[in-house]
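One structure follows; several queries about it will come next.
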Amino acid sequence: MEKLLTLWTGSGLFNIEIGQVIMIAVCLGLLFLAIRKGFEPLLLVPIGFGGILANIPEAGLALSAAENAIHIAKPQVMAALAGVLDVSYEAGQAVTPEVKDLFKEAYKDASYAVVSSANTVAQDFGHGNGMLQNFYTVIIGSTIGPLLIFMGVGAMTDFGPLLANPKTLLLGAAAQFGIFGTVIGAALLDMFGILEFTILEAAAIGIIGGADGPTSIYVSSVLAPHLLGAIAVSAYAYMALVPMIQPPIMKALTSKKERAIKMSQLRPVSKKEKIVFPLVVLIAVVLFLPDAAPLLGMFTFGNLMRECGVVERLSDTAQNALINIVTIFLGLSVGSKLMADKFLDAQTLGILALGIVAFGVGTAAGVLMAKLMNYFTKEPINPLIGSAGVSAVPMAARVSNKVGLEANPQNFLLMHAMGPNVAGVIGSAVAAGVMIKLLG
Amino acid sequence: MEKLLTLWTGSGLFNIEIGQVIMIAVCLGLLFLAIRKGFEPLLLVPIGFGGILANIPEAGLALSAAENAIHIAKPQVMAALAGVLDVSYEAGQAVTPEVKDLFKEAYKDASYAVVSSANTVAQDFGHGNGMLQNFYTVIIGSTIGPLLIFMGVGAMTDFGPLLANPKTLLLGAAAQFGIFGTVIGAALLDMFGILEFTILEAAAIGIIGGADGPTSIYVSSVLAPHLLGAIAVSAYAYMALVPMIQPPIMKALTSKKERAIKMSQLRPVSKKEKIVFPLVVLIAVVLFLPDAAPLLGMFTFGNLMRECGVVERLSDTAQNALINIVTIFLGLSVGSKLMADKFLDAQTLGILALGIVAFGVGTAAGVLMAKLMNYFTKEPINPLIGSAGVSAVPMAARVSNKVGLEANPQNFLLMHAMGPNVAGVIGSAVAAGVMIKLLG
Amino acid sequence: MEKLLTLWTGSGLFNIEIGQVIMIAVCLGLLFLAIRKGFEPLLLVPIGFGGILANIPEAGLALSAAENAIHIAKPQVMAALAGVLDVSYEAGQAVTPEVKDLFKEAYKDASYAVVSSANTVAQDFGHGNGMLQNFYTVIIGSTIGPLLIFMGVGAMTDFGPLLANPKTLLLGAAAQFGIFGTVIGAALLDMFGILEFTILEAAAIGIIGGADGPTSIYVSSVLAPHLLGAIAVSAYAYMALVPMIQPPIMKALTSKKERAIKMSQLRPVSKKEKIVFPLVVLIAVVLFLPDAAPLLGMFTFGNLMRECGVVERLSDTAQNALINIVTIFLGLSVGSKLMADKFLDAQTLGILALGIVAFGVGTAAGVLMAKLMNYFTKEPINPLIGSAGVSAVPMAARVSNKVGLEANPQNFLLMHAMGPNVAGVIGSAVAAGVMIKLLG
Amino acid sequence: MNELMSQAIDLMVAGMGFVFVFLVVLVFATLLMSKIILRYTKPEPTTPARTSRAKPSAPASVDPDVAEAIKQAIAQFRSRHKK
Amino acid sequence: MNELMSQAIDLMVAGMGFVFVFLVVLVFATLLMSKIILRYTKPEPTTPARTSRAKPSAPASVDPDVAEAIKQAIAQFRSRHKK
Amino acid sequence: MNELMSQAIDLMVAGMGFVFVFLVVLVFATLLMSKIILRYTKPEPTTPARTSRAKPSAPASVDPDVAEAIKQAIAQFRSRHKK
């Protein structure tokens, strides 16, 4: 009987909180969007599922050993933790919710060394890290996950169209306005007292405008890990919505005549150029922005493996087994940041609102840049390919192509849009490096 | 000369103990069964090989840095360890076998923090963790290995037959009697003074009756890690023996007429049902048994990836590269627990004896449950499919089919038996969660 | 403006040192050799790329958290580190290059526990391990990387030719003279005051003569990690040069008549022999050289998975996804040891010079051993297959075949040379075990 | 009856009880789910239940025409050889 | 204008400035690289730029003769069936 | 002769000595193993020794009849084209 009581008082039904119910519903919604509507399913299926797991009451899958110990709050464990965390708690004192909050605050603000000691103490008393917490530490906390994804993306990226027309790199630069404009947007929300942000949070939110999943996760794990869940969900959701977000903006900023501009066919690109290009990018990173070295280093490494032609088995693994394995764990780890008490916050709404602004501003900046470039170059550029500069590879390039075909059924822009599209990946990584350098 | 002497006194021939010889022979026997007789080779080949490696004299592959330091017993290292482990040992004192045992005992009983300090000290003096010890810590100690295998199994499992006939879930419930009956069996051995067990050990042994490798490894790593080797070997060996263990029991409990019962064809199951089912299971876990969340969470995640149809590359990786990599390390890690001084113990014989009881009881309970259900349902159930409720997927279902064909050559039970078969996997994971909740 | 200044003073162009420029050029040279000339590209592409990454100024990708903290040298961090590392430094004292060197020295000489504390302190102040440093620690520091590569190599190795003619094992033994001869060579350089080496360094350099990448990396990571970069580069570069290094030596030591010797066809080898052979090797390791257990254990495990025929999916993963993943990280990790201040050293030139000696001596010893064996055996042995005993599988065997064909166009030595070729792998691993036993 | 035995019996009662409750709930939840899905969705092409955990075999990528042609060629070839 | 706003504007100026400088440098470096490579190497067979990130399809490993033979066989087979 | 040289020579003597002892033992163990296996087992189909470390090619999954038929078809096709 006593045992059945233990089972009942330990059940989810007995313990579930309204926040958890909401978050589980939100995550089921994400799964619906991913499976039924095809919203970036490779990431959103694991993220949504991880989010459900993170919100299972009493399971503590997304908590560290010390957090689990504080949640369960056995008096002798609390006494031991009080010493480590420097909380005033007398052995035997009743553990009210306020006392728990004291411990939670102390843990959150503790230094690296104290956190490590607190977890050791909790493990001594038999508490353990939750599964998702372990995933998060290994995959995102160490930054290895986003970097390996980026390596795989590099191994899947063909820079041919960019090499055939290098000036499209500038379109990829302009689209980064989405990033920094969003930072301004966050500052505005803060200035008008609507929400509060620090500059680190504002920068992490801005990176959504990069329209690049691994870059967003990398930057927010460095600058504002507590917002990572909302930022990643926002980034992937809006990437999936690119076909809806971009066309109205593209059409508003261009005349039908501009949209109908036919671009001359791209020159063929030699194998050697493709091999040397990632090294050129790497040398530029070496000379100008060491802080972008992890991201762009792994990206160009993946691309060199792809193009050099002598390590096909490594390139193949980077594009398949390895990136798939990392994607599974990365998604679940991001999901661990969808816990109710961290996600259900006005800031999250702000992040979702700012994210769509970021995409819009980036799109507009790319299109306007293309129009500007037409004043200086003789070969005409169809401004529609400017919007592909936000990345969201290859979706944004397809959108350019589709809108172009509407204006002129003989106008195939896909290859021309791939240039700014991959340039946007480089541009966002550069912007990420600048942010980490200046704020990190 | 001196160097050749070092080589000789460090050789296996000079140091080997009888226990190690026996264990190497046992492991060669496991390899023979796996390779020649086809006993669950995917696990038993790595387990058997890992067992040989763990018993190489002086190599210390399955020992931690501190254990290796104690084995080699250089005086200054022992003096340093004595301080950490709180053993009374004066610097320079002779290191007799009794003194070594004192250190070993102290290390075994030490808290998490002390173990960690002792290993740091040993590493300072140049001792290292054995290779298998590292594998064990990372793969099993963290519980990640069994969980990933379970995810892969989820990605390989088709719940179609179960969805077509959900009441066969009850057969999977009944077969869990094998688990709890075995706990009673262990308690009986203890009561009659034949062997000694704690309730944790009894529960860990009982899980063999789940007939599910990863669940057995997960539960015993949590409740009784020192028995993990014997429990895993027992579980996999008896799973391989299912075609021999089950038929006599099935025939003894059924009449020929019952065995000849033809079941009506299963209805087709829609894709949507298959997608939603893992989420239904997950929600049930959320509401009723958070402690089963790691196991059933990963299992249903794997299954959702399989069925949702939009993340095929992840599902494929979970079923192939990832599960294979984990299987290699999991097997070697389990093998590390086949060290002579831990395995050659009366308890191991008890575990082997109780393991077969577990399978027998589970089989019988499943068959009897099916007979019972026939009193309440109008659609007749062939009691032979009850035995498939022990899991051992898909072997047990094939056994049901084969015994059914013997009674009636037109009686194809395979699909009907797959329902209870996969239900048994869920049932065991639920039983595991209950045990961990009540005892862990 | 201030921000732009931060970017400029943090840029590579502002900070780059001449040593880093040279190392980047060297690494580009390695990439050229790998991609254009086909020098062992699977390893040299990641190594070369990792080397560039390691030499990016200010990025600190190959430094630990504490080393990065010392490089950046904020006063309050230095004060905290001074306490841990026991360096005399007063809070607020100016951080001159000499002071930095004091810290660097103290860190290099610190014990395992102090290193760990220093890194925790640095992490408390927001410094982190570089990406490559993390890779190195996990993949090579733990020795797991080379061991997994060796497992994969085992799974790719066919011992058939060796089993058909086991006495060719002796050729693989003789070629290990290259290893120990090189140790003597290093001692000579030391005796004549040209360079300074310890016995550990000399032994680590000698292992280049084993002509086996993972064995070289394993041994040098254990005996002399600071030389690992030069040793690995040297080993892989000379392996690629085997078709140039070996033929002159082979021709100088043999008459045309000897080179034209036709060997009788190899007997067919049964499946069972192939299954039992890795176990025979393992038992020999158990009895005679436990210190070779990690290397030969993983090697024979890979081979058993290959031959046993019942775990094909594991064998396939070991030969593909797993070895590829490990190769990527292993290469980058080795590259992390190509930092200018560690690599640009007279010792590196000595290592490159000794490396080619090692290959030459090994080749000669193998050929001479084959000539010697011809005095004792009735079946004649073509001495050209002796050179294949240095390993460098399968390149060295192909060289034997090619030189044989030059002497006699009907003389196909490939299969006969595969015996000593794979024997050389075992021989080097045994030599590695002896060195680790006697010196480690 | 010693303590271990009473613990074991307790564990069995709680354990088997809970396993049955959980799976009975799951039976009803599953039936409900199927009913809802089958009612509120248009009939879709269903997949026949597969037998084992085995990876589904790769879809036949050979054009049926080609297959037929090859079959015929083989039949022709065999009949000629028999002659 | 509060502090966050001034920080944000600083960040934008420095960030967009740097991104443009970096990518302009890259444009010129790329143009230079292409020029050097195309001048100092013999013309080589070029690969047409591919469209997407998708993995390239495996190279056709079937001997063209075989393919042709099979095509012919199929054509023959079809023409026979039509009769 | 300095200390390093004497250590090096020691290492060579012990090392080469041990390597030879180990591999000689392995030669005899292998010969013995082969003898035992070949004596106590029925003759089985043997696999010819393969050449390299290269991954074995996938087993030919094509029915020999099919292969033969295709070969014939190709031969026929070629002979027709030559005409």
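When the chains are written out, they are named A, B, C, D, E and F in that same order, and each has its own residue count from 1.
The rule is short, and it goes like this: contacts are C-beta pairs under 8 Å (C-beta built on N, C-alpha and C of every residue); 3 or more make two chains touch, one makes a residue touch a chain.
These numbers were taken from a predicted model, which means no experiment stands behind them.
Undergrad: Taking contacts as defined above, which has more of them, A-E or A-D?
TA: A-E
Undergrad: Quick one: which chain's Cα centre is the longest way from chain E's?
TA: If we average the C-alpha coordinates per chain, B ends up farthest from chain E.
Undergrad: So what's the Cα centroid distance for chain B and chain D, whole Å?
TA: Chain centres of chain B and chain D, defined by C-alpha means, are spaced 24 Å apart.
Undergrad: Round to the nearest whole Å and give the separation of the Cα centres of chain A and chain F.
TA: 49
Undergrad: Compute the distance, rounded to whole Å, between the mean C-alpha positions of chain B and chain F.
TA: So the centre of chain B lies 36 Å away from the centre of chain F.
Undergrad: Which residue numbers or ranges of chain D touch two or more of the other chains?
TA: As it turns out, chain D has residues touching two or more other chains at 11, 14, 18, 70, 73.
Undergrad: Residue numbers in chain A touching 2 or more other chains?
TA: Expected reply: 3, 7, 283, 288-289, 320-321, 434, 438.
Undergrad: Touching chain D in the complex: which residues of chain B?
TA: So the residues of chain B in touch with chain D come to 153, 156-158, 160-164, 166-167, 169-170, 172-173, 176-177, 179-181, 183-184, 186-188, 190-191, 197-199, 202-203, 266, 268-274, 276-277, 280-281, 283-284, 288-289, 319-320, 393-394, 414-415, 418, 423, 426-427, 430-431, 434-435, 438-439.
Undergrad: Where on chain E does chain C make contact in their complex?
TA: Listed in rising order, the residues of chain E that touch chain C are 10-11, 13-14, 17-18.
Undergrad: Would you pull the chain C residues touching chain A in the complex into a rising list?
TA: 3, 6-7, 10-13, 15-16, 24, 28, 31, 34-35, 38, 41-42, 45-46, 49, 52-53, 55-59, 61, 120-121, 123-124, 131, 134, 320-321, 324-325, 327-328, 332
Undergrad: Note which residues of chain B are touching chain F in the complex, please.
TA: Its residues touching chain F are 2-4, 7.
Undergrad: Would you mind writing out the residues of chain B in touch with chain A in their complex?
TA: Going through chain B, the ones touching chain A are 111-113, 116, 142-144, 147, 275, 279, 282-283, 285-291, 293-294, 297, 301, 304-305, 308-311, 313-314, 316-318, 321-322, 434, 437-438.
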